[in-house]
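Scrolling down, you'll hit the structures one after another.
In what follows, chain A forms one complex with chain B and a second complex with chain C.
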Partner chain A sequence: MGWVEKLLSIDRRIIFLLVGAGVIVPLLLPVNLPVTVTPRVQAAYDAIDALPPGSRVLISMDYEPEIMAELMPMSIAVLRHCFRKHIQVVAMTLYPAGTGLGEHALDVASRAEGAVRNRDFVWLGYKSGFQVVMIGIGENLRGMYPVDFYGTPLDSIPMMRGVNTYAQLSMMINLSGSSAADYWIQFAQGRYHAPIVLGCTAVMATDYYPYLSSRQVLGLIGGMKGAAEYERLIDVFGDGRRGMDAQSLVHLIVVLLVVVGNAALFATRGGPGAPAARPGEAPPR
Partner chain B sequence: MTPAQTWIAAFLTLCVFSFLYKDNPFYRFAEHLFVGVAAGYLLAVQWQNVLIPNVWTPLVRDQQLLVLVPLALGLMMLARLWDKGAGIARWAIAFYVGIYSGVAIPGYMQAQIFAQLADAAKPFAPGWGAVNSALVLIGLLGVLAYFFFSMPHEGVHGAGARLGIYFLMVAFGASFGYTVMARVSLLIARVQFLLRDWLHVLPGS
Partner chain C sequence: MRRVPLLVTFLSGAAIASLFFIPHHKAQAVNSKLLEWTLVVYAFALILGSLSLWMSHAKKVKKRAEGWPYSMVTLVALLAIPGLGIWKGVGAGSPVGMIYDTVNAPLASSMFALLAFVIASAAFRAFRARSAEATLLLLTAIIMMIGRVSIGELISANLPGITEWLLDVPNLAAKRAIAIGVGLGAVSTALKIILGIERSYLGRS
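Now for the complex of A and B:
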């Protein structure tokens, strides 16, 4: 067996080890590669930054632990930006396992920026039913959320006075790892005309580019890279930026593997190791 | 997290990672534990955040009898759990499907069809933006040609469809690139947890 054949039959666990090393080494020995800000993330930042102090925004952190790696750094960065600008945050989640994550993000961001619960932010917690909740907020927020996550009636929370629909909220920010983003666009933006900024996982990002073009979404933060860009814009060195060295090295490894794997495959075409043609099928070239 | 919680989380993370070598009892233990804990957590959160504030309190404390209607419909859904109750469940499901369709279809049409059509038909952007606008238009027409199956992909239509395939391939490539980035992000976060929170060997930890 030649080296090309050996390469093509390589144990997949060697690739796992390569990728693992590609993650661990840059984390232990960071070089802090520069993070360039894309227009999509800049637009998201500008939209939030343009809100005057005292504005209120609705932030829905619609994700669960399996994708918190991407959306938690993003949540913390966006929340810190809001608190720094003295924008009051009404936070919620549409996922049951998102309650602990949303609470954690609020805790980290509020401690970092000195924000106070029920004065600078309120945590509504989880409520089931995507569209029902979105329409409920558009009609009567207190009907949907009579109390906050901790059981405090909304009427007794100072920053919630006069807030009962999207009309009293300057913006809706959705940090989502699911189709909840589609529904926020359909209902909060489409039906109630709330301006939306969207943060989503990298897998989802390309699906939402058309909404940027149509201005249904004002800005788009995609994945850990988007979080890193946002952290750079607010001058914070969080988990998003910390992960970028490893992200870049693993991408190089993946590109290298794709190139080497394809080169090896082409090198074996028609050779002694090439697969035999099936009956009725032309032999491989 | 307390040190004990960190050790438990680290142990379970390693259990799951052990699957990369091969399937083993540690992985299956973590898998089953996750399913059980997730189900219990879901039930507790639903009870605390939904049923208590939206059903129990309005009904018992505020005497809002209207809550009985959605409560009854919800209970009717549970009738599916036994064979003879399937008919009862259908009433609630029919109600739900009707309401959902009425709510979802206009929203979908407005946000995903009309708004996108309006964007596709808007005038070209000025300056170099016109190049982007032209690419979007050519891509849109090419992909639409590819997915138009009522006539053979020949002649001008066939050329447009072939062009559409190239645009689709570029879109799939971009999507795959983003997917790789997403999956690597998940690994980075777990390794960050192990190195920083558990082993304390990361710079600044």
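Now for the complex of A and C:
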């Protein structure tokens, strides 16, 4: 067996080790690679930054632990920006397993910026039924949430005075890893004309570009890269920027693997017209 | 009798579709009420799903089928976690909160994190430039993978700009086309169901 064949049948555990090292080393030894802010994230930042102090925004953190690596840094960065600007936050989630995550994000951001529960933010927790909740907020928020997550009646929370529909909220910010974002656009923006800023996973981001160009969404924060860009805008070195070092290295490893795999195949088969390698031809050991 | 579900479907579908375009608060209150009823359907689906899960795993445990200890874990969790939630609450610091923080969150994150390893291995073995189209896809993927992360800027200052163009022009055009196609398809399917042309949901063609 020549070196090319050996390369093509490389033990997949070596690839796993490479990827593992690519993730762990930059997290332990961050190099703080440069992060360029894209127009979409800048637009999201500008939309929030333009709100006057004392404005109230609704933030729905609609995600569960499997995608928290992407959306948690984004949530913390957006919340910190709001608290720093003295924008009051009404936070909620449409996912049962998102309750702990939303509470954690609020806890981290409020500690960092000195925000106080019920004065600077309210945590409404989880409520089931996507469209029902979205329309419910549009008609009567208190009908949907008579009390907050901790059982405090909304009427007794000073910052909730006079807030009962989207009309009293300056903006809706959805940080989502699912189709919840589609519903927020359809109902909160489409029906109730609430200005929307969206944050989502990198995989989902391209689905929302049409809404951005039609101005139905004011800004879009996509994946960990988007979170890193937002952290740069608010001048914070958080998990987003830390994670981008690891993500950069892993992307580079994957690209090198693809290039090496193709080069080795060309060397054995003689070019692009040759039959494709199938998993059975180079079985993992 | 067969006409009754068709009539219910027609009335519900026509009402919900019409109410979307009527901004009057009374119409929206009716719409909210109708949508609230879906919560009742969710609740029944949850009961049905839990029963089905219980029966399926209880059968495995009873027969000592392959992997039955995992089924036992599922059954214990299915009883214990809702029980603890009802007894001690679900907030931070409660037993359910602790289970969520120490079991659910790390396990769910780990499962998703495994994708990075699988994708890297699969990309090495299967992502091949086997034709002109595949080569184009491969080159685009390489540009996107490098250009969308911080290291791309260090390799070439033009890479982020190229990725932005790829996202803003070909990607956006394709996404719009897909969105319009999906929208028209959804409207057509919904109309067929509301008008009783498509009846497979009744159980018979």
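Worth pointing out:
Criterion: the second predicted complex is superposed on the first by the 269 of 285 C-alpha atoms of A that agree within 3 Å, B and C clash if a C-alpha of one lies under 4 Å from a C-alpha of the other, contacts with A are read in each partner's own complex, and residues count from 1 in each chain.
Rule of thumb we're sticking to: a contact is a pair of C-beta atoms (placed from the backbone, for glycine too) under 8 Å apart; a residue touches a chain by one contact, two chains touch by 3 or more.
On a predicted model such as this, the values are computed, not experimentally measured, just so you know.
In the superposition on chain A, A:201 makes contact with chain B only, while chain C stays out of contact range.
By the touch criterion defined above, A:23 lies against chain B and chain C together after alignment on the C-alpha atoms of chain A.
Look at A:251: by the touch rule set out above, it reaches both chain B and chain C.
In the overlay built on the shared chain, the residue A:36 is in contact with chain C alone; chain B does not reach it. When both complexes are overlaid on chain A, the residue A:261 reaches chain C alone and has no touch with chain B.
By the document's definition of touching, of the two partners only chain C reaches A:150; chain B does not. Of the two partner chains placed by the overlay, only chain C lies in contact with A:139; chain B stays clear of it. With both structures placed on the common chain, the touch criterion links A:239 to chain B but leaves chain C unconnected.
Note: residues 16, 19-20, 23, 66-69, 97, 99, 128, 131, 135, 149, 191, 202, 206, 210, 213, 225, 247, 250-251, 254 of chain A belong to the chain B contact set and to the chain C contact set alike, using the contact criterion stated above.
Within the complex formed with chain A, the residues of chain B that make contact are 20-21, 38, 41-42, 45-46, 49-50, 53-54, 57-58, 100, 103-104, 107-108, 110-112, 115-116, 118-119, 136, 171, 174-175, 178-182, 184-192, 195, 201-203. Chain contact summary for the complex, chain A toward chain C: residues 10, 12, 15-16, 18-20, 23, 33-36, 38-39, 64-69, 97, 99-101, 103, 128-129, 131-132, 135-136, 138-139, 149-150, 191, 202, 206-207, 209-210, 213, 225, 228, 244-245, 247-255, 257-262, 265, 272, 274-279, 282, 284. Looking at the complex, you find that chain A touches chain B at residues 13, 16, 19-20, 23-24, 27-28, 30, 66-70, 72, 96-97, 99, 125-128, 131, 135, 144-147, 149, 151, 182-183, 185-187, 189-191, 201-203, 205-206, 210, 213-216, 222-225, 239, 242-243, 246-247, 250-251, 254. Interface residues of chain C, counted against chain A in their complex, comprise 20, 23, 25, 28-29, 31-32, 35-36, 38-39, 42, 90-92, 97, 100-101, 104-109, 111-113, 116-117, 119-121, 123-132, 135, 138, 141-142, 145-146, 148-154, 160, 164, 167-168, 171-172, 175-176, 179.
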